[in-house]
Each structure stands twice: as structure tokens, then as C-alpha cells.
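Presented below are the structures under discussion, each in the form of C-alpha cells.
Next come two complexes, and both contain chain A; in the first it sits with chain B, in the second with chain C.
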Partner chain A sequence: MRHIPTVAWLSIAALVCALLFALFGGWLSDHAATQQNLLARMRPPLLFGGDLAFPLGTDRLGRDLLARMAEGLRISLLIALLGSVLGALFGCTLGFVAAHFRGWVEETIMMVVDIQASLPFILIALTLLAFFGNSFGLLIFLMAMFGWDSYARLSRGVVLSAKSQPWAEAVRTLGVRPVALYLRHVLPNVAGILIVQLTLNFPQIILLESALSFLGLGIQPPMTSLGQIMGDGRDYLSTSWWISVLPGLTIFLVSLAMCVLGDWLRDRLDPALQRVRQ
Partner chain B sequence: MGRRFWLKRLLRTLITLWAVVTFTFVVLRTSGDPVVALLSPDALPAEIEQFRQKWNLDRSLFEQYIAYMLNLLSGDFGHSYQDGRAVTAIIAERLPNTLQLGAVAYLWALAIGIPAGILAALKRDSLLDRGVMTFAVVGFALPNYFLGILMILFFSFHLRWLPSAGTGSALHLIMPGLTLGFYVAGTLARFTRSAMLEVLERPYMRTIQAKGTPFLYGVLRHALPNAAIPIVTILGLNLGALVGGTVVVEAVFGWPGIGRLLVQTVASRDLAVVQGLVLMMAAFMVLANLLADLTYSLIDPRIRVSK
Partner chain C sequence: MARSAPLLSVENLSIELPGVADRTHAVAGVSFSVAPGEILCIVGESGSGKSVMSLAIMGLLSRGLSVEGGKILFEGQDLLTMPPKARRDLAGRRIAMVFQEPIASLNPFYRVGEQVAEVFRLHTDMSKAEIRERVLELFSEVLLPEPELIYQRYPHQLSGGQCQRVMIAMALALEPAVLIADEPTTALDVTTQAQILDLIRDLRDRHGTAVVFITHDFGVVEEIADRVAVMQSGHLVEEGTKERIMNAPAHPYTRALLAAVPRLAPREVQANDKPPFLVAENLQKRWPERRIPALEDVSLSIRPGETIGLVGESGSGKSTLARAIIRLGTVDGGSIRLNGEDLVGKEGASLRALRRHIQMVFQDPYSALDPRQKIGSALTEGPMACGVPRREAEERVRDLISAVGLQPSALDRFPHEFSGGQRQRICIARALALRPDLLIADEALSALDVTMQAQVLELLGEMQARFGFAMLFITHDLRIASSLCDRICVMQRGRIIEEAEPRLLFAHSGHPYTQALLQAIPGADR
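Moving on to the complex of A and B:
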């Protein structure tokens, strides 16, 4: 194992903490995420005048912020994971198809890629939400749609260059079918690049989902996400800052850790990246 | 980049615009009966009939599509079903606010981002460089709604210097403008830095130094123009981030622009207005991208000359 810089270690540690909190954070609390305690509304967190019953304070309905944040983080991470994986699958498939067939198929796919890349994705997301109404399925679909274009562009590029390499020619001469060639031989060769893209895409999906939820157009109650808790707290900033600040800080730290990790991975894999590009 | 390139580029711009227009048409027709979607639930039968005729819903889908395109071309974006006003009038009322906000954000991002990037490149690996890079990474990962909320808490509630929401004075512009431009400033600093680093290593920069040209003059007159292409590219790309950012930032600060209008109309499913806004924003983005490409050949003689 080569030297891993401190920031990368810190990022990994932060992500592990976030994951543990998302999975088991609910156990730290005696309350369910949706349980209202009207006698304990807008309690401040510990160290700011709160007590151990609600370590991170409560919101306007007296719901425990610790339980809600664990629940919200779990849903945010789940959506980002589903969205990334689906987007990567979809984008890579189209990229492979484009590189395999060339001609008008490639032209069309790449044009759609260009069109999506030229528009701010939140516009596309808002349009679809407006026309089809909000649903969990549509939200997952949107997260998968966000970023597929970069996978398509990337996988098309690497397949095109891999196809011209002698080993690909050799495999083809042996009579291996194209699908098997791409899945068994090309994909393992480019997995590193796609993983880097996944790490870079993941925080962006988290940010998009929480932005939509913050605006009240993403995750809908009774489900919750970090962005939604923040949006709820926006109206109580002057009295209960913690409702917005704590989830916001969590989103920030998770996406920061992911970004740092993605940057580091990209730099690590850079020589490989350049070799493939040539 | 000869005439062929520009023809292709122009064609692509037109195709993108056409794709967006068609996309909204298809989505509008597949998401349910447009009468149900666009008219309020308690519309009278006569109103429904009138609406069907106006939008040519009694004709074939292809004829509807043509009529829809012709309406758009003549500037008719339909009417809001909340208050029946023309969509163009509603947008025109909100647009100046957003333009004002966007201009402030873009200007401060330029004023901070480019000099910060240049300084970081000149003092590579110094404390300043680290600071600028940290700022860039934070700018990327910090959601603008969280930054907005932190600013409101600090400047409005703690220090009581700035109003937390609304419009009316220059003071109202400061926080939304800073928030909106933060991401752009960060990425701009990062790209300026890497573009400058690449140029500074070139032999001609050493020649300029050897000639005894004043250092700052050499940097501004010789290095910066050569680093301009990636900077302009990122400026064009960031326009998209800015357009997307207005949606969120305007909601945080209660700023009455088109971003907030979009969120409100999406929530109330005022589809006519949503469609008009999306078409307008998309057209703006596509034209801005074209403009960025045009700028390349203006700032780089090599692109102009090579055919």
C-alpha cells in the first residue's frame, strides 16, 4: 500500500462515521424519527442548554433531531447510492452501444449527452417534477438521470481506445462475442476510471437531492431527508438555528469527504487514465 | 475552425433548442390530459371547450405540435392558470430581479476568483495557495442553501447588519449575491490556478523573465491571455451553475426572481408558467454556450487563423 495522505484518511474516517450514524444512529435515541413530543418543542442541543433526553435538540413538533438526522442521512445516502449505480449502469451501457455501433447511433447518443450537459440539471428535474407530480420513483429516476451523460461520454471514449488495442483484436479473433468482450475484457480494464467518476458523481447527487428536498420538492413526509429537515428549519432560524444547521453541516461534511476522496483517487489513478486516453 | 465548424455549431444550437421545446411538448402530452393539467379542476365545460380549441386539442397530435411551435415562435407562451395572466408578462416582471442578482454574483466571483487563482499559481505551495485551494474545494462541497442559512444566522441574527430576506435596497443584494457566486468563485480560482501553472512553465515565460520585463507586466500581458481559454470555458459552464443556483438561493432569501417563481409554479403545478420558464432558461443557456465558443476565437488568434 502506497502512502495515503492524511486528508484522505480523514475523509474515509468521516464517511465511515457517517455510514455508522446512518445505520445505527437511531439506536442512540429513545425516540422514533416521527414521534412528536409537543411538550418538548424546539429544545436546544446539548451544550446549548439542552439535556440528554434530546442530545441534538428537537424541531417544531418536538421530534428528536438525532433520530430524524439518522433517518434522513440513511435515506439521502440510499438515494444517492441507487442513483449513482443506476446512472452508471445506464450511462455505461449507452456509451458501450455508441462505441460499438458508431455511425448515426453514436451521433444520436452523443447529441443527447451534449444536450443534457448544456442545461442545468435542476431545470430538467424541476420540469419533470412539475409535470408528473412528486413521487419516490420519479426522484430515484431523476438521480439516475443526473450524471449518466458523463458515464456515457467516459465509457464511449475508453471503449473506442480499447477497441484499437492489440489485445482486443486478439480476443475478437478468438471468436468472443462483442458483449462478452465489453463485459469480461474491457470493463475490468476501465473499472478504475468509472469508480473515480462514481466518487465524483455521488456527492453531486447528494447535493441535488437535498436541494430538491430543501425546496420541498424532493422527499415528502412522512419520509425525511437531511435537505427536508433543513427546509423545515428555514422558518425557525431566528429561534431554533440547530434544526437547519445540524443537517446542513452533515450534508456539507459528507459531500466534502466524498469530494476530497474522489480527487485523491483521480490523482492516484491519473497515469492509468492517461495511458487509456492515448 | 472554419465556416464548417460554425455551421455545425449553429446547427447543434438549433437542434438543442428544438429538443428542449419538443421535450416539454412530449412531457406535457404524456403526463395526462392537458385540459386537466392546465385548467383548474373547477373549470366550466365552456371553458374546457374553448381551451381545447385554442390549443388545438381536437386535432391530430402532429397538428397540435405544429400549432404549439407556431405559438412559441410568435411569442405566445400561454397563460397562467393561477391568475390567467400571460406567461411572458409574469416572467418579465420577475426577470430584472434575477438578472440583478446574477450580475452581482458573477461580478464578485470574477473579481475574487481570477486574482485568487493567479496569486495561488504564482506562489505555488505557499500558505496562500493552500488557502485558495481549500476555498475552492469548500466552494464545491458547500451547498448554497447551507451557506445562505449560515450567512443569515451570522449577519442578520447575530450581528444584525443585513436584512435576512426580501428586496428593496443594495443591502438586500449582498447575501444572496455572495451565496450565489461562492461556487463560481471557487471553481474559477481552481481553474485559473491550473491554467496559469501550465502557462508559467512554458519556455516563452522564461524568455520574458530573462528579457527583464517587469514581473507583473509579464504575468498580465503574456501569461494571462494564454491561460484565458480554459478560464472562459469554465465561465461559460458556470453560467449553468448560476442559473441552477438562483432556484435555490432565491428560495433561501425570499428573493422575488424567476428561480423562486419556478419553484412556486412547480409546487403548484402551474404548467404553463413552468414551461415558459424552462424554455427561456434553456434558450439562455444554449445561447450563452454559443457565445462562449465565439469568445474563444476572439481571444485566441490561433483559433481564428487556423482553418
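Moving on to the complex of A and C:
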């Protein structure tokens, strides 16, 4: 086992904790995420004057923040995961197609990539959500649309350079079909780079979803997400800060851990950087 | 020639390797010396420690390598105990170095004239006009054509040979007492190599520079050396005058190296009156931005079982022709018929169906295998892609892997676990697994050491005898071509200018270019 630096360990630990909390955090609470209790509105968290019944406090409807945060984190992670995986699949497919066909196919795809990259995405998302009303499906679609262009651009580049390697030419002269060449040879060789892109894209999607939900255009009640809980607490920031700050902190920590992990992975998997280190 | 007092002497030098390496020392207890006006050739295979030693003399050892003991004396002063600043100054002015890759050693963003001028700006207080004058003088001394024009050029606008001349001009700028040349001609063509060797000899004669010339090619040694030192895995195994080493080598390793040097020995041509199975006619190809065509009216026919050599300088169109035949490249015009079917214009499935007839062994064994694929799967992939059942393909591959001299356990390993020579064997096995009619070897030996070259050459011969494929052998080394080929085609500027049996070609070649190539073979006069 090669040496893993402390920050990488810390971020892996943070992400595992976040995942466990998202999956099983609800069990820590006696209340359901949607259960209202108007007698226990805006209770502060433990250590800030609260009690064990609501360790992270309650919101304006007296819902238990611990249960809501677990639920919200689960939804946020789910959306980010689905969004980045779908975006990666879509972008990489287009990138591979562009690199294979070259010519006008490549030019068209790269043109679309450039257009996508120059659009103010959050405005497009707001418009689409406003027009079509929001649904979970549309939200996932938007998340997938966010960032596919970077996968397309990246995968086109790495595939082009892998394709011109002598080993790829050798495989071609063996009579192997192009699809097999890409899936069996090129993909394993460029997967590291794409995975790193995934880890860097993931936190951005969490942030985008949070922003949309904060604005009230993302996840709709009774479902919840971290951004939505934050948005919920917007009006009570001066009196009940914990409603916004706790989910905000969670978003921050998860995104940071993911970024640090991606950074470390890039150093690990990038052969050029590896050579420098040796 | 009586030797004068040594100018540079290395005494008992040891350089440690970091723990993970396969031996403890890159250089172990090496001593040698070089006198003014003397050319010392240090010979050895890759990994023998010769480059590390030259870097140690220049004070350019990379981190992780450290000198464990010994002395490097220059004019009596030990470079290793000098203060760093004094040493840098000395290394820049009195000891100069020329590297293997001339183009990589020049900064692509500056004009070459200015790069040489910088040496003067750093080390002298000459005026701008004087510096320019001096650089132009140097350029004409290293025989660059039109120095004024070359001064204004960027590295990518020059040929490899011209870049190496610029590097030599730069190294000579401050009239160093010692010139260290680390394989300065390995990346160059034979004809360019001959010119650079001439130049170095000539400079030595005129300036009395001491030269340490590192090479792995005994042909080059024959041309240039006064004395020879042979290195093997960090140890200096033998040292002596050129005549002594070449004629009466004492150490078995030196004898092995000398025996592996390819000889100019035209082989007996076997009668072959079978009809050709591959006929290329009037191939044309132009690169958009170049004046000289890549292929101009090239016609070539290959009979079953025969070996054709394709020789010529780099850029003469050899590789373009090979890539066109194997359909990795395209042509602008002409036809390539394989058993009557035209390959040009075939695409997709119909092209894949014809692929198995022609296979190729690439130049660089290190990049020719998918780094993430096990050898076994790499070898069975070809046969299975053209419809051979898995069981039969695996059987074929097991048979082949021992035929090329590797253990069956190799099939379960990854490419990085093998040496260059072993990888080239694997590449040959991969190509032969398809039972091709034609094997193209594109400079397949040039990345290997001489002893490896000889082994792989022998292997190719054995395999050809066993499977009976025809071979198109691309090389810039006429010695290898002569010993292997039934016919040699000489290419220049995209044309085949001469095509003949080796014996006839060498005995009375009609073409001046072929004669120039023959002249340029290092050690040809022997």
C-alpha cells in the first residue's frame, strides 16, 4: 500500500461519515423528517440551549433538524451522484464520438460544447424550471446537463492522444473493431483522468442543486435537500441561525472533502505528475 | 601518439542508486582520464551507467543520485570538493556537454542564434555586435549553411542534424577544454551522423579539445575514438587504445559487444519465382504544408516469403509507405493490391477482414503494447478478432510465446514487467499470432541495444523460416539490411531511387545517393 497523505485520509473519512449519516442518520432521531411539532418550534441545538430530544434543533414548523438533514443530505448526494454519472456518460460518449469520427461530426460537437460552456447555466436552469414546473426528473436532467461539456472536451482530448499511441495503432492493425478498441483499450487507459473530473464535478453539482433549492426552484416539499433547508431558514437567520448554518456547513464540508480527494486522485493517477514525483 | 598529461581524470568514482533499483550503484569504482586533443569513447549498453557518469562530471546529477566516493579531477582540481559557484562557472566555461536529443535541448521559443549568443552574454562582457559576429563565426565553423539565415531561425525550422550543429556551436562557444558528447548522433541519420563525427574530429584537431564521447555503437567508435573504455552495469571492464580493443578485446563482454555489431555482409539471395501477392503501384502522397512529396510514384511488389529492405534517411518516405500498405495512413493516388484486392479505399468490416494478412512490428517496444492489458490477452486479441475460437487462439499463443523465447508465465503479466528486448519479442509474437503473409518491421531494432538487436534479428529469421511470411524491413542501417534482405529499395524524397539485390547494390550502385549512404556507414572502411 502506497503512502496516502493525511488530508486525503481525512477527506475519505469525512465522506464515509457523510454517507453513513445520509443513509442511517434518520435512525438517530425519534422523529420523522416531515413530522411537525408546533410546540417545539425553533429549538436551538445541543450546547446552545437545546436538549437531547432535538440534538440539532428544530425549524419554524418544529421539525427535527437531525432527521431533516439526514434526509436532505441523502437527496443532495443522490442528485449529485445521478447528475454527475449521467453527465459523465453523456459527455464522454460525445467526446469519444468526436474523437473517432473527426471532421464535421467533431466540429459540430465541439461547437455545441463551446455554446454550452458560454451559457449562464443557472439562468437556463431557472428558465426551464419556471417553464416546465419542477420535477425530480427535470432536476436530474439539469444536473446532468451541467458539466457534460467539460467531460466531452476532456475525453475528446485524451482519446485523441491515446488513439495516436503506437499500441492503439497496433490494436487497430490486428483487425479489432473500433468499439472494442475504445471500450477495451482506450477507456481503461483514460479512465483515471475521467474519474478525477468526476470528483471535481461532483461538488459543483451539489452546490448548483443547493443554489436552486435555496431559491425555491429545486427540490420541493415534502421532499427536502440541504439547499432547501438552508433556504427555509433564510428568514430566521438573525434569530435561529442553526436552520441555515448547519446544512450550509454540511454542504461546505462534503464539497471540500470531495475536492481534496479529487486533487489527490489526480496526482496519483496522472502519469506525468507521477514521473515528476519520482 | 604519446599522451600528454591528463586534462580530466575520474578516479575511483562511485555513484549510489536509490534503494529500489536493481543494483546498488549506477557507477562503481570507475577510473579513466582524457588528455588534451584526445577522443575517449565510453561504450556500453543502456543502463550501464555511462550517462550518469557524464552528468556527474557536469554536476547535473538528478536528485536521488549522489556521489558516494572518488574524485573528478579537472586540471588537478577536484570538482567534487569545489564550492558550488566555482564549479558551475567551470562547468559552463571549460567543460561543455552535447546531449542526445538536439531538438529537445533547444528552447523552442527563441531563435537559435540568440540562444548561442546568450552563452556569451552570461560569461563575457562582449558587446552585442561582437557577440553576433562571434556566433556567425561559430556557425560557419560547425559548417551550418548560410549562418546569417540560420541565426534567425527557430529550432523547429531546422533539421535534426542542423540542431545538433547549433548545440555543438553552443558547446564550443567559450572554447572549452573538455567536450562531453552523450550519444550525440544516435537520433540522427547515418549520413548526418557521418558529418557530425567528421565535425567533432575536425574541431579536436584544430582546438586540441579533449572529447569524451559516449556511444553504444562500435561503428562510431571505429570512426572516431583514440581510446576506448567499455562499461558494463556500472563497472569499467576494459580500457585501451582503439586498435587494441577492436582487434584484441580481452574482456568477454567487449568480445560479445563486438560480435553483435552488424556487419556489411550481403546475403545470398534465394531464388523466388512465385508471383507477388502484394503489388503497390504509383502511390502518391503529399503533406499539405511541405514541398517535398511524401510518396511520389512509388511502386513495389512483394513475393511470398521474401524479405525486402527499405532504406533511406528520415523523412524519405519509408514509414509513410509502410503505413499506407498496412492502412494506418492514406494515399492520394495509386493502388495497393493484396491477392488481387485493392486495399486503397477499403473501410470498416471489409478492411478489417484483410487486416490479418499484413502485420507490423513497431519501432518503440515501450509504447507498442497497451500498458493496461495482460500479455496473454494482447496476443489472443488479434486471432479472436478475426474469428479464431478462443481455445485455438490460446493454444496458438502458448506455442508462440515459447517460440519467441519467453516463459508461458509471461502471458499472465503486464508489459511494464518486461525489458525492451522482451517486449519486442512479445510484439513479434502478437503480429505472428494472426499468421500474416507480410510482416512489416518499422525500425524495429533501432530502440534496442546491439546485443538485443542481434538476438531479435536472429529471432525474426527463425520465425520467417518457420512460418514463411514475407517481410518488409525498414531501417536506416544498411549493415542490417544487407545481412537480412533479398532485395533492398533505397528511398529518397518520397521516391524509390534504386532497387537491387544487396550484393549488386553494394558492388556497383549506380546512384550517388546510395553511394553516399554506403560511405556513411560507420566503420565501413574496415
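The rule is simple: the second predicted complex is superposed on the first by the 271 of 278 C-alpha atoms of A that agree within 3 Å, B and C clash if a C-alpha of one lies under 4 Å from a C-alpha of the other, contacts with A are read in each partner's own complex, and residues count from 1 in each chain.
One rule holds in what follows: contacts are C-beta pairs under 8 Å (C-beta built on N, C-alpha and C of every residue); 3 or more make two chains touch, one makes a residue touch a chain.
Being a predicted model, the structure only gives us computed values, none of them experimental.
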Fit or clash between chain C and chain B when superposed on chain A: fit
Which superposed partner A:Q35 touches (first chain B, second chain C, both, neither): neither
Degrees between the directions from chain A toward chain B and toward chain C, using C-alpha centres, nearest 10: 90
Chain B or chain C, by number of chain A residues touched: B
Which superposed partner A:T93 touches (first chain B, second chain C, both, neither): neither
Which of chain B and chain C A:V176 touches, first, second, both or neither: second
Contacts of A:V260 with chain B and chain C, given as first, second, both or neither: first
Chain B versus chain C as contact partner of A:S161, first or second or both or neither: neither
Chain B and chain C, minimum CA distance [Å, superposed model]: 9
Those residues of chain A which chain B touches in one complex and chain C touches in the other: none
For the chain C and chain A complex, residues of the former touching the latter: 326-328, 352-353, 355-356, 358-360, 362-364, 367-373, 381-382, 385-386, 427, 430, 434
Chain A - residues contacting chain B, complex: 111-112, 114-115, 118-123, 126-133, 203, 207, 210-211, 214-217, 227, 230, 234, 237-238, 241, 244-245, 248-249, 251-252, 255-256, 258-260, 263
Residues on chain B engaged by chain A in the complex (per definition of touch): 12, 15-16, 19-20, 23-24, 27-28, 31, 37, 137-138, 140-143, 145-146, 149-150, 152-153, 157, 164, 240-241, 243-244, 247-248, 251-252, 262-263, 265-267, 269, 271, 274-275, 278, 281-282, 285-286, 289
Residues of chain A that touch chain C when the two form their complex: 165-177, 180, 184-185, 188-189
